[in-house]
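Both complexes below contain chain A, partnered by chain B and then by chain C.
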Partner chain A sequence: MDKTELVSRSQKRKKKILGTLTYIAVIVFLIWTITPLFVMVVSSFKDLREAFQIPQVGDWKGVIKFFQFTPTTRHYVELFTMEDFRPFIINSLIASISASIIAVILGSLAAYGLARGRIPGEEHISFWIISCRMAPVVAVMVPLYSIFSGLGLLEAYRWRNLLCLMLAYTTFSLPFAVWFLRSFFEDIPTEIEEAAKVDGCSNFRAFWDIILPLAKPGIVAGFILCMILSWNDFIFASVLGQQGAKTLPVATSELHSTVDIKWGRILASGTMLCVPMLTLGLLIKKYLVQGLTMGAVRQ
Partner chain B sequence: MASVTINKAWKRYGKIEAVKNLSLECKDKEFLCLLGPSGCGKSSTLRMVAGLEQISEGTISIGDRVVNELEPKDRDVAMVFESYALYPHKTVFENMAYPLRLRSHQYSSAQIKERVKHAAEILEISDLLDRMPRQLSGGQRQRVAIGRAIVRDPQVFLMDEPISHLDAKLRTHMRGELKHLHKELNATMLYVTHDQLEAMSMADRIAIMNLGVLQQVGTPDEIFNHPVNEFVAGFVGDPPMNFINCRLEVMGDQWYLGNSAFKIGLSPEMRKSLEKNGHAFDRSLDVRLGVRPENFTISAKKSTEDSFQVEVYVTEPLGEDMIVDVLLQENKLKLKTRIEFEPKMGDKIWLDINKRKMHLFDHETTKAYF
Partner chain C sequence: MTGEWQVPRKKTFFERIQGAFPFHFRLMLPAIIVLAIITLYPFFWMIWLSLHETAMNPGEQDIFVGLANYANLLDDEVFLNGVKLLIWYFVICLSVEMFLGVSIALLINGMKYENLFVILFLMPMMVAPIVVGYLYSYLYNVSFGWYFWFLKSIGFLQTDTILASAKPVLGFLPSVAFFGVVAADVWNWTPLIILIVLAGLKNVPQDQLEAARMDGAGSWRTLWDVTLPNIRSVLLIAGILRFMDNVRYIDTIYVLTKGGPADSTKILPFHLYNISFRYFEFGRGAAVGFILLLFIIFMAMFFVKVFKKKEVAPVG
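So, the complex of A and B:
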């Protein structure tokens, strides 16, 4: 066997080992992240006694007991009949959907401007916008509380509190939307827009007729991402939502009180909190990668 | 249709001057080519006419309207882009109909359909109207882009290297098609290209630019046979013109051109041309001799007193022609001859220059004496 063949074989072996290690790491990561969610979802359909039947440490055969249960929707029913969760779900939906709509509408306009406009200090403006998203929420909580209080939005009226939440969610969704959508607009060749202008479009008409339809996948993905961010929020909702517009995460946290832990209802509520957004995330995962890696390779 | 007049136009990108003091007219119904290497300012000029770039100084008029402040949509121009710029989410029909739909007050749906179909017939793309751009070949996309321009019947057509991305065979075919289209539409066309063959074969007149400066405007014949400077002479022609450093010697009544490798006498007509340029020529002068590859006569032995010997460096057969690279001291010259002549590397051959077709350039200013 000559030297070239030996080197080639050794490189192939190295590649194989690396590939195997990568797969192992991914599997471990998947198990680490998916297992708690899986346990929560399955347990939410179990009677509490069955849910707490945990096998002994080292008893791997006992894992099969996890899958031996009689499904029940009792906890879900109790959430709506005894805990009256319906308004909280509606509050979460209204606040997150409306904030996402505002963020995407304003964000797409800003992102388009940053992508196309020859604005002095453009990169600094972009960085400043996205740095707002990176700031910890607690840093803005006090000033926001003060502003909303001054506007009367913290009084215990549902629609005022919802408006307050919507505005609060927009403060972190909007910068994200601008950052995310900018890469989609940059990916659309400027010649297409120029052709539209020569054909007879004004700037806005070119944006509306030509650019927006082409950026639709990114806009839908951006909307869903903003929704996920807002839907999952706890801190704004717990401080600013007050009692007038309690959302699902806050209501779920209140199922754990000092006198009682309603495990079944917590599991059901957690499932209702996570599953819709996980599903939406799976739907848009292709556009997530596209948005995060756009511009990495020059066409 | 209308003329396009560019008057003392400048285009600056910060400190960079892409177009410098350009004055040029594309006459009504004329096919004018803007020709030059990359970065010469030809595309910037076209984009200023289209309104896609703001003019820094000067004026641009379409017909008798100064259009400096007008938006692209108000200039009544149509443009074909290098990358075609078709709308990916619209069918071919909708791509071509879109400019008319934007003017829905002028055209009814029936008229739009009629105009699109007519344009499609001219361009032989009637069977592609329901397709999306991604389903088309490069040549088909290019014709759709042209179709989108012609449906509107604009005052001026602007074309920015529309066939540069096609393969060589298709480019050759489209050169003829575009020239035919120009005649058929009787249109004013401003065409940008870096390919001198495209310009020479299609244009009524050519405007050559370099580094933002207009070098020469003229018919293909004028550009090819009467270049005003070395840049124009060397840019047009394939293979390009040969340049040889030499010296103009005046010895009484006799004028000679040459260097240590060769010496040729100048005719009385050439002397008149030089004197017409205002040169006294009572002394020797460093000049650059320009001779196109096809303007050498090659023979195995010395045939005239002006013949000079060179050594064959390499031969390049090109179908019916043969390109022969030869060495004349430190100069490497390209000759174009018939394929039957096939010298070997290292052979010594004799050359004569066709004096009626040679050019002389000032060594410092590079301007042509003749």
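So, the complex of A and C:
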């Protein structure tokens, strides 16, 4: 047998082993990523007695216990019969959708202005905008709380509280939308508008009729990302909307009282919180990196 | 001088406004006005607030105390502890996330099922932080938590609880409960690093990789000398973003430990939450908030700088 053939064969074997090891590492990581979500979804369909069953320490075969149960939708039903979660879901939807709409409309106008115009102090403006997005939630909330309570917006009226939430969510959604969409408009070549202007379009027409339709995927992605950010918020909602406009995350946290923790309902409500956003997130997977880094990293 | 003089038509009010604000600036105005109302005004309000001792009962007046709220922070042990824990939190979370994220991204880059893996990996990011909290407190539960059972079974966990143990790990690191919180954060945000690094890897110039291979560089050398330098700015951005969010979100800690046991998970933003919305000392809260904000503004400056530099030599 040729020597080189031997070498190449051993290299091939090495490559194969490496490939297998890679797969093993990735799959271990995958299991670790999926397990919590899997446990949550499956346990939310279990009766509590079954959900609380785990094997003795060291009893590896006992893992099978996790899969031995009769599925029940009890906890989901209870969320709507015993807890009346419907208004909370509606509150969540109203607050997050309205903030996202404001963010996307004002955001796309501003983003286009920032991307195309040569505006004095543009750098300072964009810096100010991004520091709004990055400000710690609690630090933003301290002055907002005292301003809103001065205006009487924190009293237990549903619409007043929803207005507070909408404004609070706009503090981070709008800056986010501006930065994200700016990176989007920058990717559209300027020649397109120039051609339109040569054909006699006004500045605004060129933006409205030609650029906006081109940026539609970005605007949709921006809307969904804003919505995920606001829908998932808990701290703002727990302080500003506590009285009259409980959102789904706040209502979930109230299932955990000092007396007892209603685990079944918490898991069910957690599943309801996650599944819609997971679906939406997967829809815009293509723009996720660009979105989550506010346009700094593009795919 | 012949020819007709044309009397310049007097500009209408509307035209004069148009002249003063160019088209692009006018597009930005609504957003700027709205943001100014909901962020700038509160910002100055907060500075004003931080100079006062706010009234606790209705009918009382706020008292001007100057810089006392700031000075008192130096004696506030929970505050100093919070700063220390925040730095620990950031450093540990980020290094674990970076290590895991970069390695997994390198492993699945160009793999056959890359797309499928990416879809599965990015799921934790969409989960609300508060749900992450409940999920982990369920998994860590002493009597029915699967993670607790698993960690006990492999003999990794020495203590009898996870979230109620203030025992420092290895003597000098933060508590066991702290690492419980860190694990939740790592689970939640490693996917972001994977996604960012993957995007960066796609933009590593192919010719450089080829040249390295031609020169006979092994895969480690190529990784170290070609790949990593090329994704450096992307990694930097990931780091800054993670720092922001570590400071930004306290939802998970709120559910998991509420800052306990023995303040061992009370990172600075959570202490701020307690000051403002448990003790309702808004003046002191505003002082802490202002310090945190300055810190964040400093980081944002850094972010913009990296962003700018990247635009000169585009990576993406």
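Everything that follows uses one rule, which is that the second predicted complex is superposed on the first by the 249 of 299 C-alpha atoms of A that agree within 3 Å, B and C clash if a C-alpha of one lies under 4 Å from a C-alpha of the other, contacts with A are read in each partner's own complex, and residues count from 1 in each chain.
Just so we're on the same page, a residue touches a chain if its C-beta (ideal position, glycine included) is under 8 Å from a C-beta of that chain, and two chains touch if they have at least 3 such contacts.
Please read these numbers as outputs of a predicted model, since none were measured by experiment.
Under the clash rule set out above, the superposition-derived model of chain A with chain B and chain C shows the two partners fitting side by side.
Looking at the superposed arrangement, the partner reaching more residues of chain A, out of chain B and chain C, is C.
Applying the stated contact rule after C-alpha superposition, one finds that A:F66 touches chain C and leaves chain B untouched.
In the superposition on chain A, A:P189 makes contact with chain B only, while chain C stays out of contact range. Look at A:L167: by the touch rule set out above, it reaches chain C but stays clear of chain B.
When both complexes are overlaid on chain A, the residue A:V42 reaches neither chain B nor chain C. By the touch criterion defined above, A:W32 reaches chain C but does not reach chain B. In the superposed pair of complexes, A:I101 makes contact with neither chain B nor chain C. Think of it this way: put the two complexes on top of each other by chain A, and the tightest Cα contact between chain B and chain C is 11 Å. Within the complex, the chain A residues that touch chain C are 22, 25-26, 29-30, 32-37, 39-40, 43, 51-55, 57-60, 66, 102, 106-107, 109-110, 112-114, 116-119, 123, 125-132, 134-147, 167, 170-171, 174-175, 178, 203-204, 207, 228, 231-235, 239, 249, 252-253, 256, 263, 266-267, 270, 273-274, 277-278, 280-282, 285, 288-289, 292-293, 296-299. Those residues of chain C lying in contact with chain A across their complex are 22-28, 30-32, 34-35, 38-43, 45-46, 49, 54, 100, 103-104, 107-108, 111, 117-131, 134-136, 138-139, 143-146, 149, 152-153, 187, 191-192, 195-196, 198-200, 202, 234, 237-238, 241, 244, 247-251, 254-255, 269, 272-273, 276-277, 282, 285-286, 288-290, 292-293, 296-297, 299-301, 303-304, 306-307, 310, 315-316. Chain B contributes residues 50-52, 71-73, 77-79, 81-83, 85-89, 98-99, 102-103, 148, 152, 158 to its touches with chain A in the complex.
Across the complex, chain B is touched by residues 189, 191-192, 194-202, 205, 210, 213-214 of chain A.
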